[in-house]
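Both of the next two complexes hold subunit A, though its partner changes from subunit B to subunit C.
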Partner chain A sequence: MSERCAVIGIGQTVAKSKREDVSIAGLVREAAVMALEDAGLSFADIDAVVVGKAPDMFEGVMMPELYLAAALGAVGKPMFRVHTAGSVGGSTAIVAAHLVASGIHQRVLTVAFEKQSDSDAMWALSVPQPFSSPLLAGAGGYFAPIIRAYMHRSGAPRDTGMKVAVKDRLHALKNPYAHLHLPDISLKMVEDSIMLWDPLHYLEACPSSDGAAAMIIGSEKAAAQATSDTGRPPAWIHGMAMRSEPTMFAGRDQVNPQAGRDCAADLYRQAGISDPRADFDMAEVYVPFSWYEPMWLENLGFCAEGDGWKLTEAGATSMIEGGDIPWNCSGGVLSSNPIGASGMLRFLETALQVRGMAGEHQVADARRALGQAYGGGSQFFAMWVVAADKP
Partner chain B sequence: MSGFPELTSGHRPVGVVSFAQYDNVRREDAHNEVEMLMPVVAEVFGSIGITKDDVGFICSGSTDYLVGGPFSFVTALDAVGVWPPRAESHVEMDGAWALYEAWVLLQEGEIDAALVYCFGRSSPGDLSEIMALQLDPYYMAPLWPDPTSLAALQAQALIDSGRASESDFAAIASRARRSALANPKAQLAYDRSPEELLGEDYEVAPLRRHALPPLTDGCAAVVLAAGDRAYELCERPAFITGIDHRIETHAIGARDLTRSPSTQLAGEKAGVATKKVDQAELHAPYAHQEMILVDALNLSDDVALSPSGGALAANPMMSAGLIRIGESARAIWSGQADRAVAHATSGPCLQQNLVCVLEGV
Partner chain C sequence: MTEPVTMMAATTRLDYVFTAGVAQSKNLHGLEEGKFIGQRCPKCKKVYTLSRGSCPVDGLPTDEIVELPNTGTVTTYCVVNVPFAGQSIEIPYICAQILLDGANLSFMGLIQEIPIDQIRMGLRVEAVWVEPDELGPTMASVKYFRPSGEPDAEFDSYKEYL
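Moving on, here comes the complex of A and B:
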């Protein structure tokens, strides 16, 4: 008895290293007000608010949604807080959409954010815990050995990651909200940047950003109303899925996790996708470290296992090179990384694309798009499919 | 099978069919969060003869600040063992809200059962310092107000309003701890008169020691099942006939602390007043908060209040709310109640509240 639902409003802040001009409340409100304006609504029209962010230690505020209730117009309404590691921005949008799909609410505001400059993510990731070794290396150090395993397994050449790093930064030049704008980006510049975690150079890693993302999820009726009020089309949600697997066990395939493959299979079943590369016009996929593009191309079934790097090398994922399946036209996580919001930005960008509102980084006639977010040690996945047409 | 209670139109009947909780203790030194959850998850499944493979969704509630490290829910998931991979989510909220998320998903009809669990240990840190970090980071947290001091402001406001006295708080504490004598999971139970309790010193005036919750390490789990599946797993499922939650502003200076409009609204939306209520499990960590909640829910004198002893008998963070729902369900299963109200709270001075109405057929 799932009801149709759609993205009817979108807002995002410019991502920056430090947003010292606003409080946390100011940051989230900026994105929320923009989404309301896009949908032709005010806070009074919203039935419920769903907030997502990554670990609270990233700002040093425990359960900050409590303090944000008034800033997000939630007083007197249901307010909900999701936290599923790096996938949280995606899962938050999914939780919000289910509130509408279940028929409980008509219009739900969902907001995700991170204000990394208020604390130190590297510290927050490395707090010593009893009986476990501290992750002093940070996320890049965790993922580098997995990437090396991928290279070994697939025989990918060493420059594939650097190619992704250049491609996503060239895409970011077309997105005014992106944190990194590096007009001189080149393979040589990436290669000349310092080696952080072999094979990842500095420029193959995501930045640390302050930023927020917001969407209004509406019912079929709310979508019709928004379109008649604003003239802007909705992005219809055709499928949503989440999957988790254990962090550690003997035999776990961390290069091509089962949870990611299962999540995609469930999603494609819901959305009627049989050939992802042909059926999607674009995708926004969580690539915080360059090599995760070829790895997720395989995990998401855009090509056979072991062939992901070939698509990247051939320019298939580049809108600059006219690739058939452009990935991360916004610049992706490699260009903006307000961690808690990074997953929602992927979902939000797919909605912008199928609404034809992505501006300079718009893919011509994008009708159907895939949004993906992952988190933890790639054991948490959240995905959705949005399209210009009703399901 | 004996049918379903009347529901809001369009809603699918979803019932609580299993509940388990850890022995609530002051300090669990021997086991970490995963080790505490493992027997609870085993019991919540085992007591109804199912396994993790029989639920279509898993949702948990916890907060990193109690553990003192990021992603505390990540390893907790090992207590379930999600292999092959599972649809799973987590809220940085009490488990009662995790149950709400699972209930929403069950409404859509794709799945028939879900596991909800939550955990919270107060012992690894200083709870009065930790909870101060939950406050507005710019104007409140730098002053480090502890939760008992904030609750004392609320209690004093209630006294000043003329609607309560310190004797009322003592009577509530006395009744709760006496009820708790019959609850094998209670951490703090005793038979002491209100007069005797009034002889205690103030912790923070006007709150004496008896008006405060104990510090608790604990965890809990619930299985929800929809439609006929509920009857396959439970003779008399505790069906959720209404569930709603609401939040108020965080700024306590902008609130009338003697009232709980969010509880009142959630109670109205959940349909508390539509029929007779047999009992109410209220998540009132401080004794005076029970009076505010009873007012907000407009409960009559014949409603049995927190027969388990409530949060005054055991107050595991992020779990005491879900435990209220579990205890209410238990009363329905046993026939002790036909209609029960469960309540959960979060934030300083009852900022956020959830109300769940459970009915047996």
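Moving on, here comes the complex of A and C:
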């Protein structure tokens, strides 16, 4: 039933702490225009627009998609807003791709963004509620105890997180779109940074960024036309999956959530993946706090439970160290975090890689890649597989 | 006149009316009396603290009320050392997941009366309540938790509730 579909255009803004030269509308339009140019298209060629961002409370602009319709060329066309917390950029791309895979549309523009300089995300994530203690201190305060539980369960050495923090920042030096460029990054620099949410140092956490990401998802016919017009290959979508689970239930495993495992199993079945570590050439995975790399290595089945830190320690996920399964070659969320766009950037980077267009952070001969995003209290997951070859 | 306006601060104030509903009212009235109230699922028998009135796993009403003790175990924690707008507690402070004895779901609580470098998983704690005339239908009725002096709990006893 499902039609073939592919990423035929990609655009992203340079992530920065403050984009004072543009409004939110200007920011999203910048990424959208880049994606259209990449695909050899104009706004008139687009059938529908799908927009995603994280909670509206961040910037205090409610339902921003309504005011962004004009800037995104959506007037007179179907427009959708997706919201699944931090995973939203991934979910948004999947909703857009579903509109093409279902045969409804030929070319769908999908855009995700966050303008953190207009917002106070720490405040928005820490609003006191009458039925709980006013303790929550942003996302770090929520995830740090879960990270401690992982460290205890797996017996990982204390420096694994710091190693991820260094590795992703070294990758970011190869990506001109990344927010953080820290040429002097080292384990010592991470260790010497302030302990914000023990066991997480400042440099083990993501930055606050302004940024937008955009993709054009096209049908097989649209992909052939784009390649003919631009000479650039598409990234074929081989599988897409989303899962959720309740935030609180007795026996919930937040270190290795069931929804993430189920999502990966569904995705791998669609894409014919039996051994993720061997079958993928690279992966872009949502790691906003360093320790989520070893945790998601396990959740995504790249190794047995409890062994994730061993891959990280061995350099398996580092392109600098020539690892066999480089993760987050773009620098990842640890180097750029425009929250709503961060999930889409993971998906977008996998498409860049299999199209061979990732520039300095290109993995040689990347043919197949995994994109993953998670959100909320680890209760939303979105994943896809893209490849250079048609499914 | 030619310089663009790059930023204007617009402060928004939001006052909410919160309708607690039947299930949370039971918990909140418990707090008003200086007690923790749990609600048990008729199928899986798990006891939820701060229950929303149904079991998230079985989807059944958690009608059976269970009064829970004042004591519990720190399953995991972090030390918060980051300032932010609206923060009401002096940093650094210990934010812990606390599993009350007899409950099957932990919740976040503040730990005090222990040096920060001595906090640990498995620490046994007890709730310290506000003065009786200050009790109200809110978690603010619990001032904080402090070490109870009992030996630490074994990891196996709380490993499902991290």
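To be clear about the criterion, the second predicted complex is superposed on the first by the 384 of 391 C-alpha atoms of A that agree within 3 Å, B and C clash if a C-alpha of one lies under 4 Å from a C-alpha of the other, contacts with A are read in each partner's own complex, and residues count from 1 in each chain.
Everything that follows uses one rule, which is that a contact is a pair of C-beta atoms (placed from the backbone, for glycine too) under 8 Å apart; a residue touches a chain by one contact, two chains touch by 3 or more.
Model, not experiment: these values are computed from the prediction.
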| item | value |
| --- | --- |
| Partner chain(s) touched by A:359 [first = subunit B, second = subunit C, both, neither] | neither |
| Contacts of A:79 with subunit B and subunit C, given as first, second, both or neither | first |
| Subunit B versus subunit C as contact partner of A:246, first or second or both or neither | both |
| First, second, both or neither for A:376, with subunit B first and subunit C second | first |
| Contacts of A:254 with subunit B and subunit C, given as first, second, both or neither | second |
| Which superposed partner A:127 touches (first subunit B, second subunit C, both, neither) | both |
| Contacts of A:157 with subunit B and subunit C, given as first, second, both or neither | neither |
| Touching partner for A:61 - first (subunit B), second (subunit C), both, neither | first |
| Touched partner set for A:102, first subunit B, second subunit C, both or neither | first |
| Residues of subunit A contacting subunit B in one complex and subunit C in the other | 60, 127, 129-131, 246, 249 |
| Complex contacts: residues of subunit B adjacent to subunit A | 10, 12, 32, 58, 63-65, 67-71, 73-75, 77-78, 81-93, 97, 100-101, 104-105, 107-110, 130-131, 133-138, 141, 244-251, 254, 261-262, 265, 346-348, 351-352 |
| Contact set on subunit C toward subunit A in their complex | 4, 6-7, 10, 12, 18, 20, 24, 27-28, 44, 46, 48, 50, 55-57, 75-82, 84-89, 92-93, 95-97, 104-105, 107-110, 121, 137-140, 142, 155, 159-162 |
| Contacting residues of subunit A [partner subunit B, same complex] | 1-2, 23-24, 54-70, 74-85, 91, 95, 98-99, 101-104, 118, 124-125, 127, 129-131, 241-247, 249, 257-259, 262-263, 266, 376, 379-380 |
| Interfacial residue positions of subunit A with respect to subunit C in the complex | 20-21, 60, 117, 120, 122-123, 126-138, 140-141, 144-146, 148-149, 152-153, 194-200, 246, 248-251, 254-255 |
